[in-house]
Amino acid sequence: MTANSVSAVLLLSCPDQRGLVATVADFIYRNNGNILHAEQHTDAGSSVFFQRVEWELDGFRIPRDGLREAFQPIAQRFGMTWALHFSDEAPRVAVFVSKEAHCMYDLLARLRMGEFSATVPLIVSNHPDLEPIAQRFGVEYACYPVTPQNKTAREQKVLAKLREARIDLVVLARYMQVLSEDFLRAYPDRIINIHHSFLPAFAGPRPYQQAHERGVKLIGATAHYVTAELDRGPIIEQDVARISHRDSVADLVRKGRDLEKVVLARALDLHLRHRVIVYGNKAVVFS
Amino acid sequence: MTANSVSAVLLLSCPDQRGLVATVADFIYRNNGNILHAEQHTDAGSSVFFQRVEWELDGFRIPRDGLREAFQPIAQRFGMTWALHFSDEAPRVAVFVSKEAHCMYDLLARLRMGEFSATVPLIVSNHPDLEPIAQRFGVEYACYPVTPQNKTAREQKVLAKLREARIDLVVLARYMQVLSEDFLRAYPDRIINIHHSFLPAFAGPRPYQQAHERGVKLIGATAHYVTAELDRGPIIEQDVARISHRDSVADLVRKGRDLEKVVLARALDLHLRHRVIVYGNKAVVFS
Amino acid sequence: MTANSVSAVLLLSCPDQRGLVATVADFIYRNNGNILHAEQHTDAGSSVFFQRVEWELDGFRIPRDGLREAFQPIAQRFGMTWALHFSDEAPRVAVFVSKEAHCMYDLLARLRMGEFSATVPLIVSNHPDLEPIAQRFGVEYACYPVTPQNKTAREQKVLAKLREARIDLVVLARYMQVLSEDFLRAYPDRIINIHHSFLPAFAGPRPYQQAHERGVKLIGATAHYVTAELDRGPIIEQDVARISHRDSVADLVRKGRDLEKVVLARALDLHLRHRVIVYGNKAVVFS
Amino acid sequence: MTANSVSAVLLLSCPDQRGLVATVADFIYRNNGNILHAEQHTDAGSSVFFQRVEWELDGFRIPRDGLREAFQPIAQRFGMTWALHFSDEAPRVAVFVSKEAHCMYDLLARLRMGEFSATVPLIVSNHPDLEPIAQRFGVEYACYPVTPQNKTAREQKVLAKLREARIDLVVLARYMQVLSEDFLRAYPDRIINIHHSFLPAFAGPRPYQQAHERGVKLIGATAHYVTAELDRGPIIEQDVARISHRDSVADLVRKGRDLEKVVLARALDLHLRHRVIVYGNKAVVFS
């Protein structure tokens, strides 16, 4: 693959059956495609087959805008749930923040360095604190303060803003608000949250305080898709760091920041490179 | 320190106050002791001071059997909870097992190689399965089958056996029985369990099954002192290993065995080298 | 796959070209095979394609003993280097040791617990020290002392013994002797060594001493195939553990043992499950 | 300790001898100091004693500016090499960069968030590329292009600039130039470098290329003090990340960036909190 060539990525899942790998590979081969990566997985318990195939579009006989139609018969035959992506797409991402700056700083720096194929045209917050950082990076900062009364109306305003900015993906970068089911329905499997614990341990508020009280020897961070059940969505990535009795809650917060930044960035990267298939409450991650 | 010299280890905790470090160091210094290791910690929340001091007995002016009496006035003055150990003691350990052999194999091999300063004169089980391994290593295997009716009577027999074998420490090496509070009272802070999850995640039965269902990206193991609340005792050591969607429950069980072996062995080693002070529901571990 | 069904594993490498995935998948599909796992990789630098495919033999139309012949035309067409294995094979492994017992204990315990599909009919050593352990596990222990004069003659005796015992694979479990090129030729890519450092750091003798002198903050272990260049063969698996200035060389040796055991066992497991393809001086590991 | 109180940190090393811990603790105690942290270490090979003691200045009887003089007699008596620091000092740090932005971004974001007690008044580079980032963060960017002819004259200019900016500490944040011994003498044990490998593996240029060619299964990063021997100075911190055959050199570069950022930040934090004592070619790190 030359550096600038575009590739297609097919993500699919369906009941396991003979001929799946052969049929998909044959579809690409007989249209003169060259497979760059192909990974598959069969969940033994549910007998569900998952596949990610990536091939070069350069020289492929089916034009890009005819690809979905051309693949549709195969998808139908096997009962596939599927999605097709192209490597030159750059989704529009909204980053949601509250008062903690580290994940926002980290994501904006990575974007500036070209680590992600995405753009961030919008930052949404419930507090004005981080606006100067957004300005420094030249990103619009939309602040919608939360009051006990305005939760529903405020969410509608945020959703309208996301639509106006044509947002494809939402990243909760230490955004301390729970989203309503209405909101979640607007971005199914397209809201990524970073929780500052090794889920399912220490779900809910103040996980570092909880970890300190329990006396654990490792702290963690978990990036997951947001679903209606708090901190229960499909896990994309997790990592941990060693701590000791010498670490105060403030030390855990400090050490945890590095975990949160890195785990969230890895999860976003996996999503943007189309390496994640959500199935039920779990995520198949072809890393 | 020459390889064969004996050292004393003092473990203490008390309300934090000025002069603690100076007083203990002075006690050792003016009796001609040479400090090998000294570690202290003050818990900021509770203002409790913890210390572990180890010094050579060779040349120390107070004889070994007079040491407790000589230190008592200092302990009283500061209101210390304390314990004194000597590096040449070899506690008598009973290993409790069910049907899983990996932790038992690992502990017995380490003992044979001289990794621990301890002896294991007794293995206790509720099943006969692992008796051949005990025989191979020349260790007595006492099997007490469990029935729905005999729980209390059986525990009394086990306790009698432990007393008869003069057991100092109990290690639950994948022993699948819950111990009664009566039993725990006989060995306070001297029963170490290995739980096959990253506690507090997946407490209770079948943690690998739970981990698989939740779709976590890391599995863990936790060594802790056993208390009346199941899987809630002071944590001595934890570790994790990376897994993926490709791992079945059987794979988690297989990968988890290595975690369990190593985490349990590390915890036992820390306990035997007198590096752990239990305080409330937490363990201060001077590693 | 039912627990007892047998599967075939095909490992292959060849110049990258269109149609590889499709042709292999089609071969299996049109003979009524069900693919359990398929992984492929193309090395971008060398444009070499690697693949591991595993499928159920149950219901497959080509009988097991005709499989090699049936696949040969495809292999020839694409210029493949390839090997075919069956999941019910149990290679005969010789474990080579010197005086350190931990890897030997660990491997024998895992074998007894059925972790590996292999048998160990023979342990070879240059010292008599570990013979009692071999006896305890009921394995033949062949001791060939090394003298400055007998290196070549001794190796010939060892090779004869391996042939007599029909050994398929050699595992150097802290065997402190360098093998001659003659010896290596008898077991190409079938001698696995555990080196007690994070290679290429601290190759050669006394790696823990070297690590202590350099003041590194992590120690490591490396499992690799043995080649003519000392400690330079294809790496199968590596891992590290955190250390500190408090650790003496003896502490590194102690902590390193757990790394060595686990890394060697993982490498052996990967080899036995046919997950490794050697290419040049590197190992493609489908883990 | 109240959040705003100032503490003193004493770092010392000397030949091991009886009474060291007692004498230092007594000095603090009889002047009404309260020890917050005290850690000591004796290197068994060299019999050198190392200590870090931190105590509150609030209520301490010796005024801050008389402390060095007051401690001098003890230092002399035991032959100590020592340094005294105060927790409210904020060293002036110059960050040296070339073209890679990730460590610079990360350090500047951490400084803005108040993670370090330090200021960065100056960024030095040999390329103009990163000047816009410096401007965004409001930090002076001094660019001194390198030519084959100007190495010595250029270094003199940089040194003059550092003196003018009253720089205490230099951080090489992926600065691709070797510093002369003259330069190093101006900042002994006060130049921290991040090397993008697990030293001593892959010292010198292009470590990710080297790692890829060798086929290692983990990549690393090492933060160390710079000495005259390239990549051979005292190691402060190291860490590793798992890779596989699927990772190209570009993937290693990308994954390595996160290691480099975190390892450099941890090392700088340890240095700024006075937790490092350099001894010979090693660093004792009280973490």
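Which chain is which? They are A, B, C and D, in the order written, and residues in each are numbered from 1.
Everything that follows uses one rule, which is that contacts are C-beta pairs under 8 Å (C-beta built on N, C-alpha and C of every residue); 3 or more make two chains touch, one makes a residue touch a chain.
All values reported here derive from a predicted model rather than from experimental measurement.
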Of A-C and B-C, the pair with more C-beta contacts is A-C
So the chain most remote from chain D by C-alpha centre is C
In whole angstrom, the CA-centroid distance of chain A from chain B equals 41
Expressed in whole Å, how far the mean CA point of chain B lies from that of chain C is 35
Touching two or more other chains in chain A are residues 44
Note: in the complex, chain A contacts chain D through residues 101-102, 105-106, 109, 112-113, 115, 133, 136-137, 254, 258, 262, 265
The answer for chain C against chain A in the complex is residues 1, 18-23, 25-26, 28-30, 32-40, 42, 44, 242
The chain D residues in contact with chain C across the complex are 41, 43-45, 50, 198-202, 214-218, 220, 234-240, 244-246, 248, 281-285, 287
